[in-house]
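See the structures that follow.
First chain A sits with chain B, and in the next complex the same chain sits with chain C.
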Partner chain A sequence: MLLMGEVRTGLLQNSGEIPESLCQAVLGLLSGERVRVSRRPIMYAVSPDQLTGVDCRLASASRARVRGVGTVLSRASVTGGRVLQGSSHIRVVRAGSDHRLSWSHYLARPGVVEVFGKVRVPDLVEGFAESGAWNDCLDLGSVSERFMDAVQGSPLLDRKAPFKSARTRLRWVAVSAEREPGHEPGHEPGHEPGQEGPGIRFVLGRDRVRTLRLVLPGGLTPGVVDFCEDLALHDWLLTTLQVIFERAGVGTATRAEVTARLAPAVDHLLHLWMPAARLDDEFTPFWERLERRPGFSRQWLSLVARVRDQIAVNTLALLREAGGW
Partner chain B sequence: MLVFAISDKGGTGRSVTSSNIVYRRALQGSDVCYLDFDFGSPTAGAIFSVSSVARGTAQGGMHRYFEGRLADPHRIDVWVESDREGLRGKPPGAGQMVLFPGDEGGGEFSTVSEEMLRRCVRLFSRLEEEFDLCLVDLSAGRSFAAQMALAATARLPGVPFRWLVFHRWTRQHIIAAHGLVRGRQGLLAAGVEHGHDEENLADHIRFVRTAVLEPDAAELEGLRETQKAWLHECDRELRELARKYGVGRTAMLGKIPLDPVLQWREQLISDEDVLSSQIANAETVAAFDDLAKKIVDDSAWEAL
Partner chain C sequence: MTPAQAVFGEVEAERRVASAPLSHVSIELGHLYMEDFQAGPDRLREQFRQVAPWAETMRRSWQARVPGGRARVSTCFLIDDYFSRFSTPAELVPAVLEAAAECDLTIDYLARESACAETDGVKLARLVEDRLVTDPPAGTNGSRPPVTETGWLCNGARSPYGGAVQAMESARAWEPPAQNAKRRHSIFVDVELWDSDSRGRTWSCPFLAAVWQLLRLGLIRNDGELPVRPVPGGPPFPSDWEELPAIVQLNPAAAPFSAYSTMSVLSSRFLPVELAVRTILSQVFVDAEVLRQVAGRSAGEGVPLPDELVDRISYVFLGA
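What follows is the complex of A and B.
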């Protein structure tokens, strides 16, 4: 029926970026299995998948009571030895029976949550996108955060992060463009009226919550999870760099202060921007669409240029003050 | 950094002073948050002029978070949600100021379970990622909240913490403040039980004197000479007593002068209250400002 998930992204609590061996160690805390690492174009380490059993309500826009039983699939990852993500998702399907089966049934279907009764997809899509932590429904975000907390609490990290930053929350939901039997025609969740190209809607909300609605032309492929994590990572980078720049006090603080406040961005963030680095080709159009509007890389590059220009003019001014020329 | 505000007796002005410290620190450019751990009588909403949570929140605050009934406690961006015009809108250069209110109709806990403690560790650890200063306002006296704070900080060796013990400048309060730290079941004894090193913990505790009447203050000009002499004598005796009980100058981080505005209107004191309406004293704001700087200044916290 649909896929839904939540990615939380934050700064790894360590003074510097951590090497591959340490990535393996902190992510390996979660289970005995192997941590997967890819090194190009940027180091990316991801924990083995974790399962969490759930039997609870799913959020629905109509406030209908929708019960889901199954397992949540989660993983934690570290990009560039610096940015930590916790990601959880489920595939929602209609239950074949009208009562809960034994756990072995659900454990054999990792990441699948079966819902009972009559359920409308748009109702679940809107409900999930709207729901906050303040209700009794399935909260994938807090599952994700649990795994992040496990990593952040590792004694191998020194907890001396170079700057403070808030975690961001990306809540996503994907439906297939292919009609399923019994699918009611109507407004597709990712499409805005008159919109062309791939179905994607990305909305910045309050309290660092972002919602993403996708319509997948090729059906519900697992690659969508990578795409959402990649988007969450770059959204966090952009958000964090914006905050650092805003707080640098350009124009009000002294030049030395501005430079000192911008320095952590240069040391720890600027090299991490690599959108769509590890994505399946079928998701390239989604990134391209986001690059057209709102223009992620455009905003990032402009901000990076401002950071570098500030540092350059401040350095020149300081040299002049030092009596060089 | 985690800062715990505690007092032995009620009515010390602990909440209003620590709220003002948080406010000053935010104005100085740090990202700050204030956690209302006074589960029995949450009042922080009123101090920050957020009327919707004046007596705690109905949307799930600290108490319900510890009960395990929600994943994230209700958070309030004071710069957005305060009813006071002077507080709405973040001034340029200021940091975030977030309030985590208590629950309406909460209540003190009667025990600290392992699960509550884990939740506390998780909360402190997450907030430390985001904020430069997290001020935790504990209720007066020896509470389960204080026990939980000691136990949680013992499990977070990488997270810096400091304690502020608030007391009024009177004989009873000085003795009580001493007892709260060094007495039986005091902070040090309880801290050791939870795995803290006594000496190290003691180095992270400082005292803040509140409602202090300086014998030389300008307001006292009208007093008779005999009254002045008597006041000086009282002050000298109190200083002597404080020194004897380890609550003297070296262990003191700051003092807040007696200010009627703080007594009658328990709120944040803005610069406007001093400059335009002139209802508050400039010395009070200066004292808050000074405390807000010293709280994070390592040289003020060197080992005694």
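What follows is the complex of A and C.
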């Protein structure tokens, strides 16, 4: 029926970026399973998949009681030896029975949550994207957060982050533009995702919460998780660089102070911008859409230019003070 | 110029998972503990005499199911060298083989129970413990870590314990535990996975038996590799259990050790152990790629398997 997930993104608590071998060690959350590492075009290491069992309500816009049982699929990843992400998602399907089955049934379907009774997809989409986790509803963010914490808690990290930054949350939900097989036309008038064309809706919310709604042209492929993680990563980079620039006190602080406050961005962030580096081709159009509006790379390049200009101006000032010219 | 296709791959970024050779069924002919050994050779002979017809029935049923009757059936026998060490392979193994032969049974593979805990430096029991995904009671929404009692695993919500009741408070009334997948009434099972003392951790019999079932189903991998491969061997057998390979292939013509399904012929005193084993196995997350491999191959042979691995395990329980 639909896929939903939540990605949390933050700075790895270590003074410098960590090398590949250390990435493998801190992400090795499961014995007997290798951490996968990709080096081009940027170092990216991802933990083995982890499962968490859930049996709870799913948020719905109509506040209908929707019960889901199954497993959440999670993974942690480190990009550029510097940015840590915890990502969890589920595939929601209708249960074939009216009662909870033995746990082995759900474990045979990793990452699937089965919902009981009559469920309307748009109701779940709106509920999850808008309200997220109410008190007792499915809380994918906390699951993601725990896997991040497990990595941050590694004794191999020195816990001396070079600058302060906050974690961002990206809550996403994806449906397919294709009709489900066996779907009766007119069954859910007006709101069926099959009536919409492919599209993307990205909303910056309060408290660093972002929501992303996707209507995919084809089926619900696993590549959508990579896309959402990639988007979350770049949104975090942009958010974090913005905060660093705001705090630098351009115009009020001394030039030396401004440079010192901007230096961590140069040391740790500027080289990490690589949108759509590892994505399936089918997701390129979504990135292109986001590049047009709101224009992620445009804003990033503009910020990077400002950081560099500030540093250049300061260098010139220092040279002048030193009587160089 | 026509657009060129570029293919780029990175070895470290891909997962490779070895596949296990698989029979149709693995039949466990027996499980020998010290008490059985101490009861003398007649006990073993009696056991095999009871097992033989059931093993034959299983073999025939698979022959009828597989096109051309070419069923791959392997047999195995497990000796406990984990909870107690007794006798020596040189003395014991020939006696077991002889008793089996008297009942027209061939033991294809002989395994040591301690191999289920650790073998060739691979901590199999730990590997399986890491893959436990606990059965969540209703109301588990992911906001908190799963409720676990260290070293225990259950199939529901435990009865809340009162803890130290303050003198002035009235003791809380007892509340029952509940099975998660209950049908009106609960059968609550709580299994001890291990205990520990100054010498370290000792895995429980059901936990090792769960590892044993996973090995026989060919579902365990360590770094994508098969953790244990049977080693051909035969008389003379060593005088020390440590020198005996984890799994010895006694019959050179045997079908593969691991199989799509398993059957164990056991004394009914093992019934609680096997309930515990199923409670554990219902909460083990087997690598999705391994499950796909096995499902693909069995479907290709025209013998579709149940999705749930506990449904691939069958038993015959015999009276005392």
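Convention: the second predicted complex is superposed on the first by the 300 of 325 C-alpha atoms of A that agree within 3 Å, B and C clash if a C-alpha of one lies under 4 Å from a C-alpha of the other, contacts with A are read in each partner's own complex, and residues count from 1 in each chain.
Throughout what follows, a residue touches a chain if its C-beta (ideal position, glycine included) is under 8 Å from a C-beta of that chain, and two chains touch if they have at least 3 such contacts.
Everything numeric here is computed off the predicted structure, so don't read it as measured data.
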| item | value |
| --- | --- |
| Chain C versus chain B on the shared chain A, clash or fit after superposition | fit |
| Angle, in degrees and to the nearest 10, that opens at chain A between the C-alpha centres of chain B and chain C | 100 |
| Partner chain(s) touched by A:32 [first = chain B, second = chain C, both, neither] | second |
| Which superposed partner A:166 touches (first chain B, second chain C, both, neither) | first |
| Which superposed partner A:142 touches (first chain B, second chain C, both, neither) | both |
| First (chain B), second (chain C), both or neither touched by A:55 | second |
| Partner chain in contact with A:207 - chain B first, chain C second, else both or neither | first |
| Partner chain(s) touched by A:152 [first = chain B, second = chain C, both, neither] | first |
| More chain A residues in contact - chain B or chain C | C |
| Which superposed partner A:10 touches (first chain B, second chain C, both, neither) | first |
| Which of chain B and chain C A:249 touches, first, second, both or neither | first |
| Touched partner set for A:217, first chain B, second chain C, both or neither | neither |
| Smallest separation in angstrom, by C-alpha atoms, between chain B and chain C in the superposition | 5 |
| Contact residues common to both interfaces of chain A (with chain B and with chain C) | 133, 139, 142 |
| Contact footprint of chain B on chain A as seen in their complex | 10-11, 13, 133-134, 139, 141-142, 145, 149, 152-153, 157-161, 164-167, 207, 247, 249, 252-253 |
| Contact set on chain C toward chain A in their complex | 8, 10, 12-15, 122-123, 126-127, 130-131, 133-146, 155, 180-181, 183, 221-224, 227, 281-288, 291, 307-311 |
| Partner chain A, residues of chain B touching it in the complex | 29, 31, 59-60, 70-72, 74-75, 92-93, 95, 121-122, 125-126, 128-132, 158-159 |
| Complex contact set, residues of chain A against chain C | 30-34, 36-40, 49, 51-57, 69, 71-72, 88, 99-105, 107-110, 133, 136-140, 142-143, 146 |
